[in-house]
């Protein structure tokens, strides 16, 4: 019986662009268990970052959460007052951005930016903040004498460690990591991911890891949520999602990425076509136009998410035939014959 | 149907790269158009000869008449000249100075920037040191000295601007050319063996043209303000009626202490209108050039 | 350390520009048509008398030798004798410089204080009615001829309302014993108000527009979003992070504005009969007092060039990305 820290319930986020409404996410539901790393994976523009950012409620000016709940420790963040929401920020919910270069203020030293959080948000004294800053730098493996350096004086990997240190500063319950390693080279990626997992396990933090890279998910995540065009297509244990996918999109996604463990023996198979226009989505399943297995019902009716195995949720009309589809999907030709 | 026509006109303007999307820019263009018409048809619009000394019906000098008397819309000067007619004729020298100075500044600045940015090396070093020197010359004092030595003429301002103010345009164009030069299609054209001249003409010039227009439209304002300052200080052409000359006349004739607002306010307003029209248009260009600014 | 090296390079460049401007100035005054002394040579002078006068000002020597002695004299701070006053030009220039600098800095400090605050406010209130009305108004102040604005203020506040004196730096007949005595007197400040207000109104547009557009850019930066995600207060986000970053280029522009302002002073000082370098330049040129005109021009040029250098250095030292490279 896992204890749930965060729970998305039917979340819909709408962007207003001109006089158009664009639903960045619709009916998004999934849980983040306590002490687990949940991977949120999908192509760029699928709404994964928007959904993750919604937890902090710092989203674009033209976006708003139109529907649903985000339960954090049983509290609905969507209906929380600004004041109460702000109290949770960083103390309970921290964030690791994609590019630490741009997310650290260039005109202040790293120590200043740590102190800003430790003293301003954590209420620590100057002396305690100094001690804690050193502690945090040791934790992420940076020499403490570099605290007085400016962000631009660090290398890319180091900056990402600084960002992790910042996120850990107030012992949060949840960290949202938005493509935390995408900008780094593969070797540094692995170091940062290892460290993130170490610290997460040691400190018992829950992590939402947003990424487009399924190999990162495979490497580090306990659970995986696959998103496509603003909707959750499949979510389960990472092992189950990767080894026994029920959704054709997950199958396709797996084919399109090299395996981080078995260094790329198979052929990479791209999914043909591009995601639908969210301002004007197709009537049925959103993946249907690119799906090699799409049938009449798929184009007519949007499949509802169903629990196909315990803790394994899939939104596909043909999930019953998954066994057969998996065999088909592993063939290169299958993906070439999309109408 | 009407919409179709207006769209047609609109796209016609687009191809000229005139900033018609921005309401400010449209207002600016409208102001320009009005003043242009006033300059062309000045002889028909102005009720009096702006330099003629006028007399009232009782044969006294028509001096310092308040607005509205005897058909003098804006009144008369201390020497009995019609202020409204002077404003109308002042449009000519303002637009002449503005347009020619802007043209010179944009032309010289663009050419220097192009050469400097495209060829680099010693060409760049020499031209940019020259720009540094031009930045070290105090502009208005320079125009004053030049205007004092040369025959009084409205062209002194144009000449001085051409000598000094190319610097701003040149620097901006240069950096633009530097980024353009590293773009894929320019590299490609170079690898394919296109001549420098052809690359500059075909690939680079079209891309810096809006920037030249931007700096040109700002230079119009600068030129008119400078001409006004020079005339105000008494180094202008006494033969040419300009708004700056009118202000000098008013200032020297104690119009301020006599509260003769009708005399010295209209020329200032005319200058503000033309110069801000230039700003509004350049803002429109900026919106085209830097769409990320949104507004 | 590198920024000191860069500063050294910039200093050499400054010397080059200064030399070039001095040379241009020299040529401008010598190569122009007509004898520079024409206005001061009485037609009744004999040829000998004329030549003696020319020799007195060193105008009988060949051009290159005049140039060398001109440069040599300048190095010693010597700018020749004024034709009109028959006193050393340098004395006069140094006496007028404080008036010009006080006027320039007073107006610019006011303009920048206002412009920075208003610019940040307009960026924050982006898209509001206030912003829509303010921006054209600000552009209009940039489109005004400075001297015209001065004339309007003069007509209203001096001639009509009688609140401020019409010109000069002090009421005739008043006497001040020392430098500080004069510049801190209420009388001086009353005289300073209108010209300083004129220049301030004209100058506030640049810092305002710069601050606003920088703020808008910076507000889109990730670190500002992150500051919000961190739950920092609005004040910290807007002032400590957004404004602090947006301020950098505005501070740099201050130095450049000093240079531009000095040129604008030429007309405003004339309107308010403010005894400064600009007005002196105008009267000297009008009276064909070339040594004095040359001296005033040179002093203005030196300040302009110096301010361009300071602008560069300011940027180098204020931005940690450059200073801690």
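Letters A, B and C mark the chains in the order given here, with residues in each chain numbered from 1 onward.
In this text, a contact is a pair of C-beta atoms (placed from the backbone, for glycine too) under 8 Å apart; a residue touches a chain by one contact, two chains touch by 3 or more.
Quick caveat, the model's predicted, so the values are computed rather than measured.
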item: Shortest contact path, chain B to chain C, counted in steps; value: 1
item: Greatest separation from chain B - chain, by CA centre; value: A
item: Chain pair with the greatest number of C-beta contact pairs; value: B-C
item: Chain centre separation in whole Å, for chain C relative to chain B (CA means); value: 23
item: Mean-CA-position distance for chain B and chain A (Å); value: 55
item: Sites on chain B at which at least two other chains make contact; value: none
item: Footprint of chain C on chain A - complex, ascending; value: 56, 58, 86-91, 95, 97, 99, 102-107, 116-117, 120-121, 149-150, 152-153
item: Footprint of chain C on chain B - complex, ascending; value: 24, 129, 132-133, 135-142, 144-146, 148-149, 221, 225, 228-229, 232-235, 244, 247, 250-251, 256-257, 259, 261, 264-265, 267-268, 271-272, 275-276, 278-280, 283, 293
item: Complex interface listing, chain C residues touching chain B; value: 13, 16-18, 20-21, 24, 28-29, 32-33, 136, 139-140, 142-149, 151-152, 154-155, 159-160, 166, 213, 216, 259, 262-264, 266-267, 270-271, 278, 281-282, 285-286, 293, 296-297, 300-301, 304-305, 308
item: Residue ranges of chain C in contact with chain A within the complex; value: 221-223, 225-233, 236, 240-241, 244-245, 248, 319-321, 324-325
